[in-house]
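Per-chain numbering from 1; labels A, B, C and D assigned in written order.
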Amino acid sequence: MKVSIIGATGYAGAELLRILYSHPEVEVVHITSESHTGEVISSLYPHLRGRCGMVLESMEDMERIGRDSDFVFIALPHGHAMRVGKALEKLPTRIIDLGADYRFDDTAVYETWYHVEHTHPDASRVYGLAELYRDKIRGAKIIGNAGCFTTASILALAPLAKERLINENTILVDAKSGVSGAGRSPKQSNHFPELYDSFTAYGVATHRHTPEIEQALMELSGEKTIINFTPHLVPMSRGILATCYASLKPGVTPEQVDEAFQRLYGDEFFIRLLGRGGYPATKAVRGSNLCDIGWHIDERTGRVIVLSAIDNLVKGAAGQAVQNFNIACGFDEKTGLDVIPMYP
Amino acid sequence: MKVSIIGATGYAGAELLRILYSHPEVEVVHITSESHTGEVISSLYPHLRGRCGMVLESMEDMERIGRDSDFVFIALPHGHAMRVGKALEKLPTRIIDLGADYRFDDTAVYETWYHVEHTHPDASRVYGLAELYRDKIRGAKIIGNAGCFTTASILALAPLAKERLINENTILVDAKSGVSGAGRSPKQSNHFPELYDSFTAYGVATHRHTPEIEQALMELSGEKTIINFTPHLVPMSRGILATCYASLKPGVTPEQVDEAFQRLYGDEFFIRLLGRGGYPATKAVRGSNLCDIGWHIDERTGRVIVLSAIDNLVKGAAGQAVQNFNIACGFDEKTGLDVIPMYP
Amino acid sequence: MKVSIIGATGYAGAELLRILYSHPEVEVVHITSESHTGEVISSLYPHLRGRCGMVLESMEDMERIGRDSDFVFIALPHGHAMRVGKALEKLPTRIIDLGADYRFDDTAVYETWYHVEHTHPDASRVYGLAELYRDKIRGAKIIGNAGCFTTASILALAPLAKERLINENTILVDAKSGVSGAGRSPKQSNHFPELYDSFTAYGVATHRHTPEIEQALMELSGEKTIINFTPHLVPMSRGILATCYASLKPGVTPEQVDEAFQRLYGDEFFIRLLGRGGYPATKAVRGSNLCDIGWHIDERTGRVIVLSAIDNLVKGAAGQAVQNFNIACGFDEKTGLDVIPMYP
Amino acid sequence: MKVSIIGATGYAGAELLRILYSHPEVEVVHITSESHTGEVISSLYPHLRGRCGMVLESMEDMERIGRDSDFVFIALPHGHAMRVGKALEKLPTRIIDLGADYRFDDTAVYETWYHVEHTHPDASRVYGLAELYRDKIRGAKIIGNAGCFTTASILALAPLAKERLINENTILVDAKSGVSGAGRSPKQSNHFPELYDSFTAYGVATHRHTPEIEQALMELSGEKTIINFTPHLVPMSRGILATCYASLKPGVTPEQVDEAFQRLYGDEFFIRLLGRGGYPATKAVRGSNLCDIGWHIDERTGRVIVLSAIDNLVKGAAGQAVQNFNIACGFDEKTGLDVIPMYP
């Protein structure tokens, strides 16, 4: 398949290149960057030296890129993918957007949280969280790839929401991410000495991944769900750990919780169930498309605590995009993604 | 004042030495270690070279040590301080225990969580969290210095508990600590390559700081309180960030929350209120006895989220012990502790 | 090919498993550990969960393991591989030893630096640095895989030694390694809080990789070579940067230096020449079998400074072993190793 | 003494504030910043919150600031201090410049390496490395505070240069620094994910600290000295380790080397001699004005290897400035600097 990457110079775009390099069914035909048009991507990313000699193009002539491509991966800041989607509307090219533009069923929710007008509300799109929406992804024109925090959070809570084992209004997600999640542009707040040997929260009660998690949980449980989501910054490059809390409904047994996880994920290649009492660690999934999940039940408080770990740039971005791509193409879902995490 | 440190070779003991070195009213007369008896402390801790030439003694002849000391600081694993306390019962020596043995009013709670018999249940003791128990600390024979996670958690929630602004059964503390909190003994799990570039939780629903937080909150609010407490390990050496959640009681306004913090902490030297919307970071308090606190109100969910940051070895251990010591001696509370954090 | 790993629970052994997992021509038939016999390897290494269910065996019945295997990889501390080599002497099984036992032509040098008697001095062996000894590796019975520091150092200096552009008695290697190089056994010195946010040297003038570098340089230049080698510990998990210094012989031009590198490495897949003025970084090669090399000429002092970066566990251990294995089997040298480094 | 800080918003300026806060003889009267004029310094530096409420002023009216101050500390990029020096020429105000403008006896050397014209070549100035130039510092009008790498390097080599034990043309300094040395301005190269878990060199053969080291060594030995200096970036915030190499002159014994260090530094409060075989670590000096030094003799190569560790922001910048200030004022040299390093 011929694919292009729109916005290839961010961390997610570069990670796409890394993964697609090992994908036997893919040829990358265009990569774009507006600020680095004409440069060789490996002059910006030293790990690509001698491996990827592609030149960054402008996305100005989007139609040409679209005509050359079976699939277009978009790794742009939110608000920009809609224009690409519009431009490719009449072409057979399919789209996988790693940003937020095509993640919401209800574009009003998007507009409220992202403070931009949605200019492509009637787009035919599906939410790209492979384990939950595989069937819809298969034939989709546009796939709105799930976000990083949201992937970790939704995968952790989906079995409980789906089987209605938890009180929807008691859900809390306390999430921790490596710094690559904040992108590659240098900022005072992400300057090395400022973050090293420090830990802090950000975006309390306002982070845009909140409504995305709520949307998925509501769809699964059929119940109105408002959650607290709190992101934190860990002084490391990659990885997300989500610590998810909810009160169990009266009478729910530990075994029911165990079975819910087994039922939904027992056959999933990329989800490793560490079981009740398990402790996922970001290092154990780094560099891979895996999501490790463990859960705990606190009988004193009646709460279930679910822990999930992913690599934010792989299962939380580029890897998931390729997984969705594999599904959409009818390839084996593991193609190009069947690697063991790097340890230590 | 003449003071001794029982168990001087752990991180808390060494930090006590560092702080007491700058304390104008203190002479350290004995330091002990059973596994390093006879060695110079600076042969174990390179930062002390040329600054502290004291030789480690055995604590066997505890009475002699007690007679030589106005105060004895104990930095031993739980279960051992009780024996010291007993041995010094009849001496005028006063005790500050950095461990858990003297933290609980109800020794049954201690026995349940720590799985050891309490052999000194009738000890005259106070809980050593200076900002909340200053008056009792003043004349105490034994001070059970507050734990690291508990200090961060209780200070974050105390104003809300005291003014009964939150529903006690909705409290959740999601806490993150640097690795020095796990002590100085090498273990597979704390081996550098295992933890570096990784993030994980531990002790979910079972961590021993849980009942300590509950005890303090119950005393403040007068209401039965059962909480969830979840510790995590951050790949850094020092620092704790506690993210505390609770549902506000109906009708409580943001201003009431603000005022509760101002009222309790407005005059505290070691507590810096970052206000509503504030984001404490562990780096901003590192090496100091400070506790930075910020809070957020999520109107969608009706929850208040309080963030607090401390240095686990200072305000969470040795610094707090010296603060308690200053109070107990009638010194200015800041003596030896009035330093600016190290940044970056 | 059927292969076994003797000593699979160290970092190099585990990295071998990770790499061999993606190798299309390999079936791993036995993995051994004396201290964890009977355990599943993934219970010791969380990244292997769900991917490698092999059970660790004892190496006691080495002959049986040998008969089952076309190749045996040994990842044991020095001194132990010799016994394996002896035990397999009469079998057709070929051996790749990741330790030092088979690296030296002159076993007296080994005995001087490693303080053990060499009990297999007549073994038919070759030094396993693929780029320099490819021809000999092809048919070797025993391959003494090059060490981590030595690989980085020799590859950096080989073009200059081979073309006799430098004064052999002026060579200095100042090397820096991530902590995984020190193995997986927890030690006080490698306890997380001791190393984090710290930098130090070790083994000055005594490190055992010194004579290994000297041996290779002497072979290349034909001149007696005594060097200084100084290792340092970087607070990170993986990666080696070697900074190599030497005085250029009178009249040697910068262009001659450039050409020496081009001539020796111009066609090497795993060596990326960053050219004169280039700065390799460990992150740019992490997780891969690459060696990045850049060089600088200081006209004021007449010295050439060569910088080289590798991943100590891949090109410095397991990856190089697989590269040697590919050569020995007649496979494409890249098989199972053609991955892009993980970034960031 | 009334002091002002010109350029208070960089890391060195902020560190000066931290140290001066504990200095009993100092009142800070002005702090300046051109880009943050009018802002409270603690709004830029969270560790200063509640401790330093000073407002940043412009340095435009330098004369007024000078008249108000007994001492002016300058922490500006090179090229700017000369103008301050000129402006204060006729006032009694004394100057301690943390930059390079006043470090060189021969301004031509400065102009060659820094590529700016020196506009104050006739300034009465001394080089501010306290241990070596104490007498001159005492009465100096302008003190050109030694640089960070240079302090570590010169202190390591001074005893050997002074006693002429080494061949001057064989000196190599391979130095490693934490990232705070590169300043507080965010740049792509210092963006957290780019540096974390990576190690690299920079400025090979061109770093501006080279001639500063040469100047000091030449003054000590009386011999023309050209060295190699290679800086590296360690993924941590603070600390420098310098690994210094030189060939011993024929016949020099290890004891002579030991005695040279003892003779020069035996009574120095801020220099801790770890002796022959000693290994300094940056963590052991972090947050303090200490310089730890150990040395090794390699009999095979005839070289001496000296290792020295400092905190680049303290002994390498702000701490040394305060030490120079204490000397210049006739205070005890330790005033405000007698703290134990923070560990771990």
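As a working rule, contacts are C-beta pairs under 8 Å (C-beta built on N, C-alpha and C of every residue); 3 or more make two chains touch, one makes a residue touch a chain.
Source: prediction; values computed, not measured.
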{"item": "Equivalent interface to A-C, taken from B-D, A-D or A-B so that over half of the residue contact pairs match", "value": "B-D"}
{"item": "Contact-richer chain pair [C-D vs B-D]", "value": "C-D"}
{"item": "Centre-of-Cα separation between subunit C and subunit B, whole angstrom", "value": "46"}
{"item": "Subunit C and subunit D: spacing of chain centres that average the CA atoms, whole Å", "value": "38"}
{"item": "Intercentroid distance (Cα basis), subunit D paired with subunit B, Å", "value": "37"}
{"item": "Residues of subunit C touching at least two other chains", "value": "11, 178, 180, 193-194, 196-197, 235-238, 281, 283-284, 286, 344"}
{"item": "Interface residues, subunit A side, partner subunit C - complex", "value": "11, 14, 17-18, 21-22, 45-52, 180, 196-197, 237-238, 272, 274, 281, 283-288, 292, 338-344"}
{"item": "Subunit C-facing residues of subunit B, complex", "value": "11, 178-180, 184-188, 190-197, 235-238"}
{"item": "Touching residues on subunit B, where the partner in the complex is subunit A", "value": "169, 172, 174, 176, 178, 193-194, 196-202, 204-205, 226-228, 230, 232, 234-239, 241, 243, 245, 279-284, 286, 296-298, 300-301, 303, 305, 307, 309, 344"}
